[in-house]
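Submitted below is the structure of interest, expressed as structure tokens.
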Amino acid sequence: MIGAGIIGAACAEALARAGLSVLVLEREFAGGGTTAAGMGHLVVMDDSPAQLALTTYSERLWNALLPELPPNVEYEACGTLWVAEDDEQLDAIRTKHEVYAAAGVATEILDPVQLASAEPQLRPGLAGALRVPGDGVIYPPLAALALLERARAAGARVREGVCVDAIGAREVRIGTERIACDAVVNAAGAAAPALTPGIPIVPRKGHLVITDRYPGFCRHQLVELGYLASAHTMSSESVAFNVQPRATGQILIGSSRELAGWDPAINPAIVRQMLDRALDFMPALARVSAIRTWTGFRPATPDKLPLIGAWDETPGLWIAAGHEGLGITTALGTGQLLADLVLEREPAIDPAPFSPSRVHAMAAEH
Amino acid sequence: MTDSDRLQTGLAVIGAGPAGIAAAVAAAGCAVDVVVLDRGLEPGGQIWRHRAGAPVPRVASQWLARFERSGAQLLRGTAVIDVRGTANRIEIIADQGGRALHVHARDVVLATGARELFVPFPGWTLPGVLGVGGAQALLKSGASFAGQRIVVAGSGPLLLPVAASLAHAGAHLVAVAEQAGGAAVARFGAGLWRSPGLVAQAMRYRARFLGTRYRTGTWVTAAHGTDRLTHVTLTDGARTWDERADVLCTGYGLVPNIEIARLVGCATERGTVVVDERQVTTIPRVYAVGEATGIGGAPLAIVEGTLAGLAVASPRALPASLVRQRTALRQAAARMHEAFALRPEIRTLATRDTIVCRCEDVPLGAVQSARCARQGKLYTRAGMGPCQGRICGPALELLLGWGEDTVRSPVEPTSISVLRADASEATGAFMSGHQDASPSSLTTGARQ
Amino acid sequence: MSKQGARPVRVTVNQRTVDVPAGVTVATMLLDAGIWSTRTSVHGEPRGPLCGMGVCFECRVTIDGVSAQRACLVAVRDGIRVETATARTSDGER
């Protein structure tokens, strides 16, 4: 298992608990990469039927597992409010409500009065919101560590501070060391293409700002409907209102997307757009104290779906990467799906949309 | 409504302590337009701190008067949030009382001073435990310590002047404990004839007034109390005893404030900013002076500030006498560091339960197993609070050997309304080569 | 403490009114009023000023309704209202 981010940790957990002998090779420390940079939301998202299926499935797995995880994963069952600014968006909310219902996800539509009561810091004049009570937030580095601990408890071994140089047929190479195995899983996130050329993953940079402690300032994860459009387009930079209460009482403010290679520098123009969007929705944020900003690189694929499955060109190689902004949410679903495929069990959801074989068709299209 | 105020100038000086004041006076004296940004209410930094209208020592009052006459513009209550640059202009974004201010300058002098090094020990988080410099700052800001039982226990040349000031203000000095051994301190004291000033005065004070209450080779091992300090445990390695105390002033020397320098990409070495003989850092048109280039006290800060101010004004050779003074004062500073080096016992005072990150209440036991600052931070929250690791960072470097994490804007906490005003026409980070561009180091994204 | 002859200012600290010398900081005013604890930590311990220079953030108090102000960086003014977290329950709580 190459990578001990949330995806690698979840896959290691699923495979180890299924009885396989797992060795995890992590370049730095568990949960220290993109996993550490993300918002840690557990959120059902319906940009496509496949995404809806994977997020729904995975969130069910999270909700079942969370009682067994240590409190330091800081799970908050705060739910999500998808906020509608006008009647057109309110229509979209109603459609969303239907789509979620068909997928078995309970939601409720809030009118402006109910919305104001649910989130007093939102500006007046909004059209309403869709409340998804099953969603939540979690602290990703310790969630990844918790999954890795479960993998260890099931017999997995973990080597940190180890950089894999190359993947061969049923082996990996670390310097002059060769480790033979039955299967290799490339769960290296945005770095996956470096080990497996041809994987269509590019880094999609995002900014985040975290504040001092203001308990009760916001109670739900708040997202504007435009978030979907922002996540969907691959082209230029975009921002979308996405604010989250952390267990500490701090407010985490996102989100932004841009293709900026691997440059980790804060882009003040993007931060400005992102904060202005947040101020649009929650004007009282203006006086709130911001402590820190950072960036992260989401592993993005052309069709917004992760790669989960066998990589035909190399015997024994599997891919579990490319989760863009849904890595935390879909980690458990990815782990189970990968384990099902590796062990040739009947998967709970259709694996075809996530098949790495689709890259050939993708290359033709994009 | 404009979203921020803008100012254009030739030289921006960050910090109005002795170094910044000297730089401003020197540059303004050569007809350079100077703007000085300072977080405090009055100029003077830490060592020349004073309340408006209160008397100041002669050297300080002379320099403050020169500063006032110089024509340099002082921006009080102004905290720097970000510094960016293009090929020919530097832009400083600051928080002035909750409002964003953009200062555009050709050159910038970083005179950011130093803060105290705190080493955690059991009970150090009790109300009533102050820094040595902290007590001095509070005293000079108008606090009365009259009648309070005070123990001063730490290290460095600040101990005696602060003890003297507290005694002068009516405090009851119970003990003054310097962890450095007597021989080292005596050697340092003997060399002071070469560096007159506050420290020499303090040594004389000690001889005259403190008597047996001043001990070398003595350090505090624990502070006790429930909601407030009640007593302190001291040891000299052989004997251990308690002293009743209302206030404990503790600090183990100074740590240069190099955050802005690191943000900009200046090379640093062992916690100090690297500068050439004209006080220029490795980033063109960015100068660093005073404690930021190495702890050395006010006289050295004044010399370095003057040299930088002159260097900004003109490419001419710098005055040889000033350059000689700088050399001599740096040598004196090196002797001071040797004399007051921390004994190993100080690093082992903290137990597993001792809080090391005060902002987030993280005990030493939680962070001990982390291999680096970033892992410790992500796994335990140490360093994630509003002090941005300024208090716990140097302590954890001392205790666990952790290196520094990256510095990003905001350089100190600021309101969202100021942070969003950080954008401007100036784009791009300094071309310092400090940003790695290889995927192998960047796939983790910028650190959280 | 030296007397400057400046008119004292009237401030409210935790709903008590006190007269203090002009030009002192809120932090020093609290200490002189016998209030050595400004906030409670994440785990509920009392904390007070440490560094005196705006670096440690232990002296955070609420001034005129705005929370998280560093008391050592703010000068007292006539009519200022200061509340420490030992009086309120907000600052520092999880």
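By letter and in written order, the chains are A, B and C; residue numbering begins at 1 in each of them.
Just so it is clear, a contact is a pair of C-beta atoms (placed from the backbone, for glycine too) under 8 Å apart; a residue touches a chain by one contact, two chains touch by 3 or more.
If you're wondering where the values come from, they're calculated on a predicted model, not measured in any experiment.
Undergrad: Grab the C-alpha centre of each chain and report whichever is closest to the global C-alpha centre.
TA: Central chain is B.
Undergrad: Counting C-beta pairs in contact, which chain pair has more, B-C or A-C?
TA: Result: the pair with more contacts is B-C.
Undergrad: In angstrom, rounded to a whole number, how far apart do the mean CA points of chain A and chain B lie?
TA: Distance between chain centres: 41 Å.
Undergrad: Would you mind pulling out the distance in Å between where the CA atoms of chain B average out and where those of chain C do?
TA: Inter-chain centre distance comes to 23 Å.
Undergrad: Per the centroid of Cα atoms for each chain, what is the distance between chain A and chain C, given in Å?
TA: So the centroids are 43 Å from each other.
Undergrad: Please list all residues of chain A that touch 2 or more other chains.
TA: 212, 248, 287, 289, in rising order.
Undergrad: Multi-chain contacts in chain B: which residues touch at least two other chains?
TA: In chain B, the residues touching two or more other chains are 385-386, 413.
Undergrad: Which parts of chain C, given as residue numbers and ranges, touch two or more other chains?
TA: Chain C, residues with two or more chain partners: 42, 68.
Undergrad: Can you name the residues of chain C that touch chain B in the complex?
TA: Touching chain B: residues 1-2, 4, 6, 21, 23-25, 27-29, 31-32, 36-37, 41-43, 45-58, 60, 68, 72-73, 75 of chain C.
Undergrad: Which bits of chain A are touching chain B when the two form their complex?
TA: Spelled out, the residues of chain A in touch with chain B are 28-29, 31-34, 36-37, 141-142, 145, 161, 163, 188-191, 194, 203, 205, 209, 211-212, 248, 253, 261-266, 268-269, 271-272, 275-276, 278-279, 285-297.
Undergrad: Quick one: in the complex, what on chain B touches chain C?
TA: Chain B reaches chain C through residues 39-41, 46, 51-55, 77, 115-116, 118, 125-131, 133-138, 141-144, 146, 169, 227-228, 355, 358-361, 385-387, 390-391, 413.
Undergrad: Would you pull the chain C residues touching chain A in the complex into a rising list?
TA: Spelled out, the residues of chain C in touch with chain A are 42, 66-68, 90-94.
Undergrad: Note which residues of chain A are touching chain C in the complex, please.
TA: Going by the criterion above, the answer is residues 212-215, 247-249, 287, 289.
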